[in-house]
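Both of the next two complexes hold subunit A, though its partner changes from subunit B to subunit C.
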Partner chain A sequence: MTDISMTSAQSQSQTGKIVLRWLLYIALGLFALFYLMPLFVMITTSLKSLDEIRTGDLIALPREVTFDAWRTAWSGACTGIQCEGVRPYFWNSILIAIPAVAISTLLGAMNGYVVAHWRFRGANIIFSLMLFGCFIPFQVVLLPMARTLGIMGIAGTIPGLIFVHVIYGLGFTTLFFRNYYVTIPSELTKAAKVDGAGFFRIFWSIFLPLSLPIIVVTVIWQFTQIWNDFLFGVSFSQAGTQPVTVALNNIVNSTTGVKEYNVDMAAAIIAALPTLFVYVVAGKYFIRGLTAGSVKG
Partner chain B sequence: MSPILEIKNLYKSYGTTEILKDINVSIEPGDFLVLVGPSGCGKSTLLNCIAGLEPITGGSVNIDGKDMTHVSPKDRDIAMVFQSYALYPTMSVAKNITFGMKVRGVDQATQDKKLAQVAAQLQIEPLLNRRPGQLSGGQRQRVAMGRALVRDPKLFLFDEPLSNLDAKLRVEMRSEIKSLHHNLGASMVYVTHDQIEAMTLATKIVVMKGGVIQQIGSPAEIYNRPANLFVADFMGSPAMNLIPAKAHSADGGTRIEITRKSGEPIVLTDTKNRDLPEDVILGVRPEDIADPDLRGAEAAQAAECLIDMVEPAGADTFAVMQLGGKHVTARLHAETTAKPGQPKRLSFDLGKVSYFAPETGLRLN
Partner chain C sequence: MTKWLEENTPKLVLAPSFIAVLIFVYGFIAWTAWVSFTRSRLLPRYDIEGLIQYERLFASPRWDTALNNLFVFGILFILIAMVLGLILAILLDQNIRTEGAIRTIYLYPMALSMIVTGTAWKWILNPGLGIEAMVRGWGFESFTFDWLVNPNMAIYTVVIAAIWQSSGFVMALFLAGLRSVDGEIIKAAQVDGIPTWRIYTAIIIPSMAPIFLSAFIVLSHLAIKSFDLVIALTGGGPGYATDLPATYMYAMAFSRGDIGQAASSAMIMMMVVFAIVVPYLYSELRSKDD
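Coming up: the complex of A and B.
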């Protein structure tokens, strides 16, 4: 008797668990659908013709798939008087983002290494000041930075934008690397010093090879920041050096006559693709780096 | 022979905190110097000062007759083994060992030859292509030793190299370090907080406390004639019994009286030491309080004691009692008849006894 009642109670709770589990999955699925909706609308709209957009339903699948909008967005859409699409601006963004990410990551690694392992008088103050730099709203520095760029003679140029992004990325990259490097025992530096290695040798041969996980984190962070930046891009560029975010804004806001939703959507997706790419590619290495670190012991 | 390491009037402070005060030590070539003391006594800092990893505030450090006070670590001709081993995690064992030579620009053939030599010596040939992460604690320890050995330095420095190993491995590595020292005839400075490690390894021990040297001497000197109460208490396990007592001059020596909670005081006669002040602290090693039948020494005198506790430890049995208001441990025979709560006749051997002044803690005899 007792046995039977036990099992029925057990199977009841078992059923309850399964029902709960399914409710949970359904709720999560709905959230995911809700979250993916805008992307869905963007992609379908970008594949429709203008006529279909005007007459059709917003969330309907395209009756006829056409890549015309993508072609226009890439190389024909007009920003004001020029009609060359986002292509030149896309390359501008790449020319800005890649050196800026590389330089700020490398300098951040070096700074973090110094702050964590080559303690000097005032190291804490300098680190605090750099941290403070992370929290300065960018609007505040626009005017002084414009003046600085002017004095340096790189206002409105791509090197100028690289410079700005490196400066404002340094706070974060230094913080990332410093926090990673303080977990490396100082005995490692001491052993290398006794072995005869100097400042740069220890950095290159011992610290950098250990840094893959944090390099990936920093690259993802910096690339997203720099690629998606609009404020610096719009403030410190001139015709011909604008990044893709600024171009996107111009395409969407400066059309006259009929609003080409399909082109706008395609241009927006193009502008967002590189960050997506970095997440997908580097994210894998990120997780791999993390597990490698945990097994290291 | 000139000393291989000579430290003169060394001071070290961080800001206003003095870490090391007036350190003077020197060792001859082939010596095994052990710096021992409780945590925070400055022994590791002193080692780092010898290595040049910490700048010193005052004084001088000479290695092999050359003033190295302001020389960088790499030019001091030293090698160091760290507590955490500090192996380079991304390099193979072979690369770890040859890193120093690579940095110094030693040619490849010499590197290979020395690597093979050291690997054979430490029996780590099968590990050469592995990463430190794939090694056990004992193997990492060996690699760290290999990295030091390959330099063939004037002076080896060890910073608590065995404290991360389990008890069994620690004893194994300890005797290995000892035989290594014996075979190489190298000069070594070794930091530990483990007084047994200090006793077994050292040819010379420096006992430190609060940044001040308490005593320098051979293991036997430190053990048998501790300079003060701190050294007496710190070195030896179980610790030396430090019993408050009264001393009176008497015929044929000094009468030592130890009060007891209950019953008559114990009265012992010391025939060797005279002219002691009245209040003393009597230092007796546990092995000098033993079963009477096992002692033939003339200095031994028997007294009845109430045993509080009996702790069998295999080879010996420790009996704990109350004398002069202190717990006193006696090292008895394994098959002793001592039982807790029962009186037992014990013999006190005053042949190697120490006396300390209660106020200053300094040795009197």
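Coming up: the complex of A and C.
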């Protein structure tokens, strides 16, 4: 008798567990829909014709797939007066991001190496001051930077934007490398010094070969930050040198002509593709950068 | 000479970056602070006049709206993103077979530019062809969802889009925190027959206090700096209804040509950030030195 009641209670808790498990998966699935819905709507809208958008349903699949919007977004959409699509601005973003990422990563590696292994009096204070710089709202430097770029003769140019991104990226890149290099035992540096290796030799033959993971994290972090930047792009560029985020915003908010939602969506996806690609390919490093950048120290 | 060079190489390597930070961070902050005490309008002036810009700022209804919006937006955004992030992390922590794929889906918005996020949500939320039109098309003729163009509700659309963008990231932080809790303690609690929800509320969540703190710091930092999202989603409108301090500062600096107002609003933003971040950084650096 007791045996039977036991098993029924057990099977009851078994079914309870299965029901809970189902509820759990349903909840997770609904949240996944919430996160995927905008991307889905963007893609389907970009593949519809304007007529279909006006008469159809927001979440309906396109009845007739057309890539016209993509073509227009890439090479014909108007950002104000010019109608060249996002293509020239996409290249601008690449021209800005590649040197800015390379320079800020290299400087960050050298700085991190000094702060972690060649401490001198005041090195800690310098590091703290650089770290604080990561937190300032950039609004506080916009006005003087605009004037300084003018004085330097690089206002509204791509080198000007590269310069700005390098300067305000230094804090983070230094932090990333410093935190990575402190985990390398200082005995290694000491032994190398005894063997007569100098500052650069040790960096080149000991530290750099060990640095691949942190270089990947830093490059991804910097690339995402710079590619997605809007504030510096909109403040320090002029017609012709704008990055893709600024061009996208101009296309979406341009008031001339018919509102082409499909073109807006195609342009938005094009602007998002590089960072999405990086995320899909190297998600692990992307997350590591995010958490390292937030849980500082 | 070579000996001196050899001894001072580390300093020489660090020097350019340090000088750059001194000038372009601290020097620039000082410049902005100085100008915020002057009568600067279209061009900067350098004779100190006291708090005149701050008086103008706090007398401006537009700044008043911007500050109010920051409070509404900041509190809702931080609170909901943290709660949602925690719930997602706990759900994902139950030995889910497809965890990797689900995590990727929850977190991908973080890789997007706020401009892209704003563009997408602007389309979804526009009353004419977005969600409102869709639900009406299903037969609910009187359904209204016009927050995007309703001055009283527009700020909540910014909250929705910001949560969509950032909650997956909070989940990732919390998930890492849940995984770092000592497994032995949890096992012991399970052996004692303590129900799972009690294990979470009494053991796991309290031990994650530092993670709550860093999530809070990151989110509040994001909230105060929010600029792109508002520009792309609402353009600060309708009217000034969704202005935030960051968009106010930008408008003053680059379209109104009012440098004094731009400088003083930027200084207020910095003070808000520092009020939150400095105690945190200080305690972090202190505990590192110990």
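Remarks
Note that in this section the second predicted complex is superposed on the first by the 264 of 297 C-alpha atoms of A that agree within 3 Å, B and C clash if a C-alpha of one lies under 4 Å from a C-alpha of the other, contacts with A are read in each partner's own complex, and residues count from 1 in each chain.
FYI, a contact is a pair of C-beta atoms (placed from the backbone, for glycine too) under 8 Å apart; a residue touches a chain by one contact, two chains touch by 3 or more.
Predicted, not measured: the structure shown is a model, and the values here were computed from it.
Considered on the superposed subunit A, subunit B and subunit C are sterically compatible, since they fit side by side. When the two complexes are overlaid, the chain among subunit B and subunit C that reaches more residues of subunit A is C.
In the superposition on chain A, contact of A:P185 is made with subunit B only, not with subunit C. In the superposition on chain A, A:K193 contacts subunit B only, with no contact to subunit C.
Rounded to the nearest 10, the angle at the Cα centre of subunit A between subunit B and subunit C in the chain-A superposition is 90°.
By the touch criterion defined above, A:I206 lies against subunit B but remains apart from subunit C after alignment on the C-alpha atoms of chain A. Legend: residue contacts after superposition of the two complexes on their common chain; A:I126 is shown touching subunit C, with no touch to subunit B. Of the two partner chains, neither subunit B nor subunit C is touched by A:G153.
Judged by the touch definition given at the top, the superposed model places A:L107 against subunit C, while subunit B stays out of reach.
Closest CA pair between subunit B and subunit C after superposition: 9 Å apart.
On subunit A, the patch touched by subunit B and the patch touched by subunit C overlap at residues 295-297. The part of subunit C that touches subunit A in the complex is made up of residues 6, 9-11, 13-14, 16-18, 20-22, 24-29, 31-32, 35, 44, 88, 91-92, 94, 96, 102, 104-117, 119-124, 129-131, 133-134, 137, 164, 168-169, 172-173, 176, 211, 214-215, 217-218, 221, 224-225, 227-228, 231-232, 235, 245-246, 249-250, 253-254, 259, 262-263, 265-267, 269-270, 273-274, 277, 281, 284-285, 288. Residues 24-25, 27-28, 31-32, 34-39, 41-42, 45, 53-54, 57-59, 107, 110-111, 113-115, 118, 120, 123, 126, 128-133, 135-148, 167-168, 170-171, 174, 198-200, 224, 227-231, 234-235, 245, 248-249, 252-253, 261, 264-265, 267-269, 271-272, 275-276, 278-280, 283, 286-287, 290-291, 294-297 of subunit A touch subunit C in their complex.
Here subunit A touches subunit B in the complex through residues 185, 187-188, 190-197, 201, 205-206, 209-210, 295-297, going by the rule given at the top.
Within the complex formed with subunit A, the subunit B residues making contact are 48, 51, 53, 72-74, 78-80, 82-84, 86-91, 99-100, 103-104, 133, 147.
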